[in-house]
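Listed after this line are the structures, all set down as structure tokens.
Shared chain: chain A. Partners: chain B in the first complex, chain C in the second.
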Partner chain A sequence: MNHWRVIDTGLRPAAQNIALNRALLEARQAEEIPSTLRFLRFTPSALLGYHQSAEQELNLDYCREHGIAVQRRITGGGAIYFDETQIGWELYLHKRDLGTADMQRISRRICHAAATAISALGVDARFRPRNDIEVDGRKISGTGGAFDGDALMFQGTLLIEFDVEKMLRVLRIPAEKLSDKAIASARERVANLRDLLGRRPDAALIRSNMVEAFESEFGVEFGDGDLTLSEDQRYRAALREIDHPDWVGLVNRPVADMPILEAAQKFAGGLLRAAVTFDVQTQTLRQVWFTGDFFANPRRAVADLEAALRDLPLARLEQKVEWFFASRAVDMLTLTPADFVAVVRLALKQPLLASNP
Partner chain B sequence: MECNGCEFRPELYYDAEFQIWVRIEERGELAVGMTDISQSIAGKILHVRVRRPGTLRPAGKPVATVESGKWAGPVPNLFDCTIAAANREVLEDPSLLNRQPYESWIARVQPAQPLEQALSVLLTGDAAWAGYQARCRRDGIACKRLPA
Partner chain C sequence: MSSVKGCNIPDDLYYNVDSNVWARKEADGTVTIGMTAYAAALAGQVVSCTPKKVGRSVEQNKSAATVESGKWVGPVKAPVSGEVVAVNDALSSAPGTINSDPYGSGWMVKMKPANWDADSAALVTGGAVAAAFEAKMNAEGFAGCGA
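Right, the complex of A and B next:
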């Protein structure tokens, strides 16, 4: 049987945690360490995805005023807020551990195991493609990955008693998403273990469930360990690079290249508002939010539509919205899929058939 | 030429894992791109970042990074070089790498050593074809393209 290692690096500032990401991934790639499960926690931090720009994604004034560190992850995905109310879990693996090279399949396999571990606490957690774990349609764990040669790292959050409002204030989002109603609706879309269980879950139990689930998924046995000397050396070198403004500013695009554009339109089925962060250079919808006064059942359909429109080239908007509503049953009374397209186009002031610059 | 639906171009140069292809350009420059195998494994690519032109990249340090489905990682580099240019079309529409992997170079680089020396660490022709097929079969890789 293969022996893997589990470590807990405790509560640390973001720069240290990200430097450890780099160090352990490099050490795994160099075959200096066994495959490893790491638990970690963060002091308050806004974490950018590897290819994101702080100015475009974060409310930097709020972060400064509240002593929230801004850091860049080595993994992909979107910006998140991470603090002591969450636990982080990470796997450092070699490709031969996985039996497939397909990155989506690797995500799926790891998330299924993590969902099993979370479910063993007494909730019904499931993997939801692309990369989230949910309880009853509410996100409880978000994930992302990084690879380097034959080594890869996959990481996830686990919400224990997370304050959604704080996350909304850290991110650059439309002002109306900070209204009481919008915050309440954002709260409905995430699940905290403390709320679900009615008590703060035992951290040791979470760790042992994760260990068991990954042992069973990969047919291995975990043993406790500490950072090795080579990891510590790699960590110190990585920290010099990562705990530096150049790393955080590695991708630095002006806000003007990604405006938040908004529009509202009255349709027969109700009032529909759209706010869109639009990547002007690549003509891509980065994120779309729908609000307004309309009926949709199931309610999560709107959130699912928002998720489906992430990182979508504008040219494919109509096709994607059509596919979305064709592939599931959503009752919206007289509101139509075309209405969603129309309000997004109105926000962009690019009605259909207008030629893009 | 193809294996499991993965296209192979015998005139190009490859690393031993067939993650990247390299093509000889004018002025002693080399173009670097992702193979059909790499783009299929990655899935739809959402972001590409190339180091600034003029940046020195030692062997082992990536010339570029890519991101797909929340996975981020390097486009590897096997010889010392300087970044000469990034392909603007690919930066603006990274999914070109999924549609036309061999037409879509990512970066052009100037090797530090003579061209022959840089290419000597790469595979081409029959040797590359044999290795390419072996990799496809060993890892059960079947290639998929986004429609052009």
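Right, the complex of A and C next:
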């Protein structure tokens, strides 16, 4: 049986955690370490996806005022807020551990095992394509990956008693999404283990469940370990690069290339407002928020629609909204799916867009 | 033109099969590089591509560009050493071109090769291409492009 290593690097600032990502991935690629499961925690940090720009994604004033570190991950996906109310888990693997080089299949396999581990705590956690783990449609773990040659690193969060309001304040979003109602709606999209279980889960139990689930998935046995000398050397070199403004500013795009555009329109079914973060360069809806004075049941349908429209090429808006309402029962009285499309289209016609050809 | 398990792998290009990248020697002496159709199929829809900047030197098998797909980030490794002399700016607004036209409009960077003759000797081209990729696909349990 193959022996893999499990390590826990404890509570650290973001720069150290990201530098360890780089160091362990390099060490795995160089075959200096066995495949490894790492647990980690963060002091308050706003973490950008590798290709994201801090100005476009974050409320940098808020981060500064509240001592929240801004860092860039080596993995893809969107900006997140990470603090002591979450646990991080990561796998460092060789492609031969997986029997496939298909990145989507690798994500699915790891997420299924992680969902099994979370479910063993007494909740019904499931993988949701493309990269989340959910409990009853509420996100409990977001994930992402990085690879280099034959080595890969896949990482996830696990929400224990996550502060949704703080996350919203860290991200660059329209002001009205910070109303009590909007925050309550955002909370409905997120699942905290503490709320689900009615008590704070035991961290040691979470770790042992994860270990067991990955042992069973990959047919291996984990043993406790520590960072090796070669990892420590690689870590020190990586930290010099990553704990530096040049790394955080590696991608630096102006806010003007990603305006937040807003519109309101009165329909027979009520007043509908849309705020849209729009990537002008790729003509992509990065995020859409709906508010207004209208009826929708179930209430979370609006938050689900917002989630379905994330990172959507504008050309596919009509098709996606149509699919969304065709695939579930939502009672909106006389408000129609076409009304949602219309108000988003109206927002995109705002003058700011015209000034950013 | 050559097809391996439904993936287009032209046999007139030069490949580093391990890195899943191609190189084409242009008439002006530069070398154009990009990801293979097989690499694009493994990655899924590419959502971002950041090439190294013009003027930067890149060693053979070091990262010439970074791509993201399905929240995965990884390097595209230069098949030869050289200096980046042009990058495909169109990819920043349309990264999906890497999937739809990996050997044409989905090219990533052009390099001025430091030593094409020596570096290209390590690459696979011509009649050996199909067999090399078929072996790689079999080893990686790949069903086929479009499968």
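Basically, the second predicted complex is superposed on the first by the 338 of 357 C-alpha atoms of A that agree within 3 Å, B and C clash if a C-alpha of one lies under 4 Å from a C-alpha of the other, contacts with A are read in each partner's own complex, and residues count from 1 in each chain.
In this text, a contact is a pair of C-beta atoms (placed from the backbone, for glycine too) under 8 Å apart; a residue touches a chain by one contact, two chains touch by 3 or more.
None of the values given here were measured: they were computed from a predicted structure.
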Using the superposition on chain A, decide if chain B and chain C clash or fit. clash
Touching partner for A:G77 - first (chain B), second (chain C), both, neither: both
After superposition on the shared chain, which partner residues are touched by A:M103: those of chain B (first), chain C (second), both, or neither? both
Touch test for A:H51: chain B only (first), chain C only (second), both, or neither? both
Looking at the overlay, what does A:L333 touch: chain B (first), chain C (second), both, or neither? neither
Residues on chain A in contact with chain B in one complex and with chain C in the other? 49-51, 74-77, 100-104, 107, 130-131, 143-149, 152, 251, 281-282, 311
For chain A, which residues count as touching chain C in their complex? 49-51, 74-77, 95, 99-104, 107, 130-131, 143-149, 152, 251, 281-283, 311
Could you please specify the touching residues of chain B with respect to chain A in the complex? 17, 40-43, 46-47, 49, 65, 67-74, 76, 92-93, 95, 139-141
So in the complex, which bits of chain A are touching chain B? 49-51, 74-77, 100-104, 107, 130-131, 143-149, 152, 251, 281-282, 311, 313
In the complex formed with chain A, which residues of chain C make contact? 18-19, 41-44, 47-48, 50, 66, 68-75, 77, 92-95, 140-142
